[in-house]
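Multiple structures follow.
Okay, so subunit A shows up in both of these, paired with subunit B first and subunit C after.
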Partner chain A sequence: MNFVTLLNYPIYLLIFISIYGCLTIALNVQWGYAGLFNAGVAGFFAVGAYTSAILTSPAAVGRIGGFSLPVPVGMLGAMLACVVAAWPVGKVCLRFRSDYLAIVSIGVAEAIRLVVRSEEWLTNGSRGIIDIPRPFGDLPYAQSQVAFLGLSCLILLVVYFLVERQLRSPWGRMMRAIRDNETAAQAMGKDVPRRRLEAFILGSALMGLAGALYVHLTRVITPDAIDPMIVTFLVWIMVILGGSGNNRGVLVGALIIWVIWSASELVTDQLPADIALKAKYARMFLVGLLLQVILRLRPEGLLPERVGTAGGSGDLGRTSPEAIAPSEGSDDV
Partner chain B sequence: MDISSFINFFLIPGIILGSIYALGAIGVTLVYAIMRHGHFAHGDLATFGAFMVLLFSASSGLSPYAALPIAAVAAGLMAIAIDWLFYTHLRTLPKIITTISSLGVALMLRAVVQIFWGVNTLSYETGIARPENWFGLRIKPHEVVTVVMVIGLVVALEIFLRHSKWGKAMRAMSDNPDLASLCGIDNRKVIALTWMLVGALCAASGFFLGLNTQVKSLMGWNILLPTFAAAILGGVGRIEGAILGGLIVGICEEMSVLVIRSEYKVLSGFVILLLALLIRPTGLFRGKVL
Partner chain C sequence: MINLIAGALHPSSGKIHYAGEDITDLAPNERFHRGLVRTFQIPHEFAHLSVLENLMLVAPHQAGEQMWSNWFSPGRVRIDEDEVRRRAWATLGFLELTHIAHERAGRISGGQKKLLELGRTMMTDAQLVLLDEPAAGVNRTLLRKLESQIEYLNRERNYTFLLIEHDMEMIERLCDPVVCMTEGSVLIEADFKTVRSDPHVLEAYLGETKDAAQ
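Our next item is the complex of A and B:
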């Protein structure tokens, strides 16, 4: 056994952490900075995954696709498809606030899941899409995993720096202003609905990118692979644990939660089959409980949002107790 | 399509489904009225209630109908425990945090059901209930029971809220919690009472859903969207609105197969929710706007 195969599992873990890191930054743009409660993360993740799968997989009977396009084209297509999907959703839904947006976004994710399940001509229904190419697929498995890790980390870094830059620019300051006091921002002439839509679309496109990365890692996508509540919920708990409104924080959240989630899977896999099945649900229970514990002990997250650094000016080290609940300033629907 | 097949295949199933949604929506609306947050664990609390009925009827040999009151109390106590453990300390934070917390609670409740009962589909009664023919109307016995019991529950709840001391306290707190507290109403007791009612209503809606379809771990999550649609369509905080909203959503869902593929039937509640929010966000009965 050589060094690289020994590292297989940690590498696999790190790839997933970078994919979820991309998702948490995406949700952070929507929730942490714009105060938009998107409970349909899995929906846009699925749109990205399926788009890239359709664009890059070889021809198959009974469904469209089989374009065998290069992987980068698939990833760009995934982001584009999410932009196209997010635009009408945002146009209609972003006028709702807090609870209403949450329930509506759950509905959007549910609708996407139903389309994925029932439109056989597009997604091959429950049989799913197979033979999705991997980037660096010509290399031996272990090397290709390492290369994939490099690629996913590079993408995450680019996403992180672009989003950070965007949030430190006047655009980011304005987003926080809108989030914290919509009326004041409006009075100062900010186009609130338009800015919200921008944040929603940016976040959704990044979710699609994460979906594309996922699908090129696993090579197969079926509707069951994307359990809407598990993907959505894990991303939410990562953002809340890490500290919404802080990109470094949500990345720490992604790291911690994914390590806990996978490590607990390693443990439960050792159990006898009949108990292992129950243990899978026990893991879900513990994740739900973990959220309650975080909300109780540290609702602002491990690395809370820093107030006063947005424009790059002095860091006063102040933390906002309201950081986890950006959208409360405006109660209208 | 003639009138009798319309009634048999769309109206009657729609009313049954609508009554189940109505029971859930009353609970959602009560939480909104008193606690002022969305309760996304509502569907999974209904699942929990449905499985409690299964537990009590299997362990004691009682009929599911007789086990329902016990299960309702169990679900009510569960709701109080959840509130006490997870929601109480979030009350000073913005309400959306409690909503997020309730999503986690939903996951936990579902996991409990899946750990103890697994994910297989179960049912309360074995064998197929044959519909009886009442002058051309095909109605199954448990459908009659469902509607009669839902009407009974709603009337009892209405009398309780209008005429009892605690019902009046609940309405006062819904209108203005600070004023109610100044008048000597113990907010904590009203909150506990509300959760008891909400849990019991959840158990009833879960039981009737299980009686008319199947008992499975995802049953409650699947009715969450139509339940919220019913509550919001009727007007948040309005009990009569929740009932009307439930019936509208139920009947529309059954009739939606006339225009869309049956796979997408479950989305009709979502479409109604969107339309309600866009056209009339206060709902049909001018409820609260969050």
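Our next item is the complex of A and C:
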């Protein structure tokens, strides 16, 4: 028991890493594979978080709710809400080229944040939603944390395998081709706008899932929790540091950045109160500096994208190239 | 010109007809599925994909391109993939590129990229292949190889080729008829010898013939 208590902090850290891992994989689908510069991660995170919170929390005065649905339903609802939110956004925004999409997506995320802050009937405004149920919430604190870690890791694993499978498939190959050269992909018969929308929606749904996990962990959600400076900014750095285009890479990125982020918080908490407040921005500055260093020294990330993942070397055993490659002039071609 | 036919640009006036159908308002990807396949003057390879993937990508209507099928009907996707992979390896064999199958396409030489561009047209059932300056930036030896492959595809797989080219020797060996255009309009359409000796062509491309005669 004592041992478990000792591990409380690392477990708490790992839960957050698995939630951020989910976000980085989601962003990797959009940026790493489809080349969509979504700077509105926080927006979809918020949609997911609030949807699950509203669906699962008990009734409260002054806002919609009281559904008290089970947590898995809340999570599915969160993903669904993100699909519904991402569809029109993608339909409109994906017509813009990369950097314009970034600007528009920031705008969308800010719009979502304002809605969350001001539409009290829906989100209870700045007071937020409380009493959100937590899976394994009846257990004592330490065991409950371990159980939650198990749940979030399981969800992360499922997400990882489903996405990894998708990206190794012809679908993933096509997405990377569209990212590499849009003109050529279209000339090779690929429906570029439709495919981009698919990647955008898939990524957004996963961001919503991460948001749902987050609210069921903290049991409270207020507009402060969806600060784009934290959510969007950190997730982007995780993806770039880890290696966009490589799911394992972005998970490593999530691990490293979150450990640095949390450890630096431990340090700044030791400082006198008035300095500690300013230190928050120093942390952000340091992470930004780290981003600059990465881009300068290792722009492809720690674990770069691998070549030949779809149709590549691993499958060579099945069909020997020499056996089927005909000599020039053969009719087999 | 190729951008117009393949649909990358929309004409400011006029219509584009292909196989009896008005395709003026079709997107490039829809034209591709009607057998109209193009290459690019400056190779447009998918730089982060392997050479093999570059070819496999092109095959039309792959089961695995649908998002759900990878999760719900992996068997069909695998069968499809094996067939596409077989065809891609066969194409690489034909182009004599098997040794670089797993190279990142962005890293191969310019000439190899040109071959890859030609190879992509072989991954689908093309009817009309638009070649945009296939000889540009290609050395003589490779050019010969390219020519023989174009001839082979024309002969054995009944591809119709539309070639835009400045290399007169290549045109002489491959093309009939030859259309000579200047400033957006057709000067003459005939066989190579006639075009080459046509006074209007000489005038447009080499300057006034009368001055030279006088």
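Here, the second predicted complex is superposed on the first by the 311 of 333 C-alpha atoms of A that agree within 3 Å, B and C clash if a C-alpha of one lies under 4 Å from a C-alpha of the other, contacts with A are read in each partner's own complex, and residues count from 1 in each chain.
Heads up, the rule we're going with is that contacts are C-beta pairs under 8 Å (C-beta built on N, C-alpha and C of every residue); 3 or more make two chains touch, one makes a residue touch a chain.
What you see is a predicted model; the values in this text were computed from it and never measured.
In the superposed model, A:E305 lies in contact with subunit C only, and not with subunit B.
Legend: residue contacts after superposition of the two complexes on their common chain; A:E198 is shown touching subunit C, with no touch to subunit B.
In the superposed pair of complexes, A:A185 makes contact with subunit C only, with no contact to subunit B. Residue contacts after overlaying the shared chain place A:G245 against subunit C, while subunit B stays out of touching range. By the document's definition of touching, of the two partners only subunit C reaches A:R165; subunit B does not.
Contacts of A:A39 after superposition: subunit B is touched, whereas subunit C is not reached. When the two structures are aligned on the shared chain, A:P10 is found in touch with neither subunit B nor subunit C. Of the two partner chains, neither subunit B nor subunit C is touched by A:P70.
In the superposition on chain A, A:R173 makes contact with subunit C only, while subunit B stays out of contact range. Shared contact residues on subunit A (touching subunit B in one structure, subunit C in the other): 322, 324-325, 327-328, 331-333. Residue ranges of subunit C in contact with subunit A, taken from their complex: 6, 8, 27-29, 32-33, 37-38, 40, 44-50, 52-54, 56-58, 60, 62-67, 70-71, 77, 80-82, 84-86, 88-94, 96, 98, 101-104, 120, 122, 124, 148-149, 152, 156-157. Of all residues in subunit A, only 162, 165-166, 169-171, 173-174, 176-177, 179-181, 183-192, 198, 202, 245, 305, 307-308, 310-313, 315, 318-319, 321-322, 324-333 touch subunit C in the complex they form. Interface residues of subunit A, counted against subunit B in their complex, comprise 37, 39, 92-93, 96-100, 102-104, 106-107, 110-111, 114, 117-118, 229, 233, 236-237, 240, 277-278, 281-282, 284-285, 287-289, 291-292, 295-296, 299, 322, 324-325, 327-328, 331-333. For subunit B in complex with subunit A, the touching residues are 37-38, 40, 85-86, 89-90, 93-97, 99-101, 103-108, 110-112, 114-115, 118, 221, 224-225, 228, 232, 261, 263-264, 266-267, 270, 273-274, 277-278, 281, 289-290.
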